[in-house]
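If you scroll down you'll find the structure; I have some questions about it.
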Amino acid sequence: MLFSLIKKELMMEFRSKQIILSMLFFGLAIILIFALSSNVSRVILSNYAPGMFWLMNLFIIVLGVHRSFAYEKDFDAFSILISNPIDRGLIFVAKWVSGFLFISVTQFVIFVPFFKLLLLEFPENTLLFLSTTLFINIAIMAVANLISGIVLRSKFSEILLPLLLFPLLSPIAIAATKISKSVISLQPFAMWNEWFLIIASIIVIFGLAGYALFDYVVEE
Amino acid sequence: MLSVDRIYKTFNRFNILNGISFSQQEGEILALMGKNGSGKTTLLRIIARIMKPDSGSILFQGNELLSNNSLFRKNLLYLGHDPGMYSYLSAKENLRFALSFRYKSQPITKIQKVLDRFELSGFSSEPISVFSKGMLQRLKLAYVELSSWDLLLFDEPFTGLDKNGIDLVGQLIKKWRDKNKTVIMVLHNEHRAKQIADKKLLIDSGKIILD
Amino acid sequence: MKLFFQNKKNLILLIIVSILFIVNLINIIFFTPMIADQHWAQKIFYVHVPSAWVGFLGYFIVMISGFMLLIKNDIKWDDTALAAAEIGTFFMALVLITGPIWAKPIWGTTWIWEPRLTTTLILFLYYMGYFMFRSFGGNIERIRRQAAVLGIIAFINVPIIFLSVQFWDPEIQSHPQVEMANQPPEILYSFLFSLSVFTIMFILMLKYKVHLINLKNLSNKNV
């Protein structure tokens, strides 16, 4: 059942190509604005790079998650999910997993232009940087999909989503920036393990909350 | 088989359903009728557990449908006004996914055969966003044909259909009757209701005024 | 439906709260000791900290009411949640106003990203989104249920927000609230008295707001 739901998400994206492409080009547009508006030296910019990286990610995730749920409104497709004998928590998990895959693919692609266009050095620990990014994506998508499910049927959902999501994502934003900065600075894990634990606890708390509460969220 | 007991529902503070109660035996075909806004679609969507009532209970095959146990809905199939399918996917893909959600997969040859029968085989690989209203309705009928169910909730089965389509629905209804299937349909045509339904429920101002 | 203050209990509560509030104000202004390096600015704390306490209490009630609405499906829990959210947000706004007023003479700046203030700001912004969500229409019954979920996830996020801000920059001077416990009795008891007055005031405001929401629901109901 979960596999069918995830497969459906992937097929929808493969056909429409809306989520990844829109996130990608929006991300590139943000990088352009960063480059043009930050008139500072590379040294200073490299200090801000982790924060800017995650700022860009948060904006593109809002776009992607909103689009992922917008599909469900077309043709009242959502009714086929919620009227069938499907555990509604699994709908959340499928959105979570597919959202994680979409943002991760986008980040793998946008990682190179981000550092190149801002004239920054690639992190020495590129593999660790990308791995920690994937880990953080899991947390972000848990929160983002829960909120997106809530605002799905509201008017002005494109406004409500970032309004509700960004305050909730603030601890993730702090933790993500700290982790990325520590990885780029080659600090040992012991120096940033508390941020790792914060991300892990968000994954557990919001994963469980999303699974348990999604039934109430999706009803009309 | 189905027992609906004192269902109340407010929608934006309007009392849409005011204590609806009725029961339906196995093999009965029930026509749900009433003016626009009388609560017919709301009642169907409550039975399908797409929405929850303010109070009341619905028993289906001895199980409380309004509980959180999704397996109680295993033998219940709901089709609303709208297609209820994914616009970017083809007819075949939509059917395969929809059937997998019902724990029933069908071989692709059978799906193709049913699509042939409903005159959709020429478009079976196109995204359903290009389908007309009538074609989408036929797709829903194909879905019904391929699924296994004991109770069908069908909101306006004849919408958008040409004469052939209407005849197809007539044939299906006959088949369901022969197989002792239970159906609740929202209908607007009095004459058609008389022809096909065993029982008629007329809803007005959220109450049943004719049973 | 009776007017709220026609009920004797509510009227007595109003009188008690009014008297206690005035006594509290007089106590803060005239009888609490002046701290050498902080002077009048320190007295804001007798308002600032109880406001924060009441704000968080309000949001806690939103969470509990949210759980109860989802379990019991009784609209009165949503009324309580909405009332608590509005009053909690009012007091959080008070915290965000009094905080900088205190901070300027003490810390030399109107704002620092101190854990409590930051958590307050984050929750305040989140609840602005909550109220916008409730206002932007759609099916009121669905809005109630989803607002309950929003209230639940807001509060379960509070310890995470607080800890992450605390670890963010441990050098940032935190509130002297923690040091309150070590203060001499005349400061501590005044603080506790102010805390109690604000709590009772919150209870009265909550009851009144729930009453107003009930009235509004009755007038909107299409019978």
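Just so it is clear, A, B and C label the chains in written order, and each chain counts residues from 1 on its own.
Methods note: contacts are C-beta pairs under 8 Å (C-beta built on N, C-alpha and C of every residue); 3 or more make two chains touch, one makes a residue touch a chain.
Note that this is a predicted model, so its numbers are computed, not measured.
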item: Remotest chain, chain C as reference, centres from CA atoms; value: B
item: Chain closest to the middle [Cα centroid of all protein chains]; value: A
item: Comparison of A-C and B-C (more C-beta pairs in contact); value: A-C
item: Rounded Å distance, chain A centre to chain B centre (Cα mean); value: 37
item: Separation of chain B from chain C, taking each centre as the mean of its C-alpha atoms, in whole Å; value: 49
item: Computed distance of Cα centres, chain C from chain A, in Å; value: 32
item: Contacts with two or more other chains, residues of chain C listed in rising order; value: 139
item: Touching two or more other chains - residue numbers and ranges from chain B; value: 52
item: Multi-partner residues of chain A (at least 2 other chains); value: 219-220
item: Residues on chain C engaged by chain B in the complex (per definition of touch); value: 73, 139-141, 217, 220-223
item: Interface residues, chain B side, partner chain C - complex; value: 10-15, 52, 54-55
item: Residues of chain B touching chain A in the complex; value: 45, 48-52, 68, 70-74, 78, 80-89, 93, 97-98, 100-103, 127-128, 136
item: In the complex, chain C residues that touch chain A; value: 70, 122-123, 125-126, 128-130, 132-133, 136-139, 142-143, 145-146, 148-150, 152-154, 156-157, 160-161, 163-165, 167-168
item: Complex contacts: residues of chain A adjacent to chain B; value: 1, 4, 7-8, 11-12, 15-16, 71, 74-77, 79-88, 215, 219-220
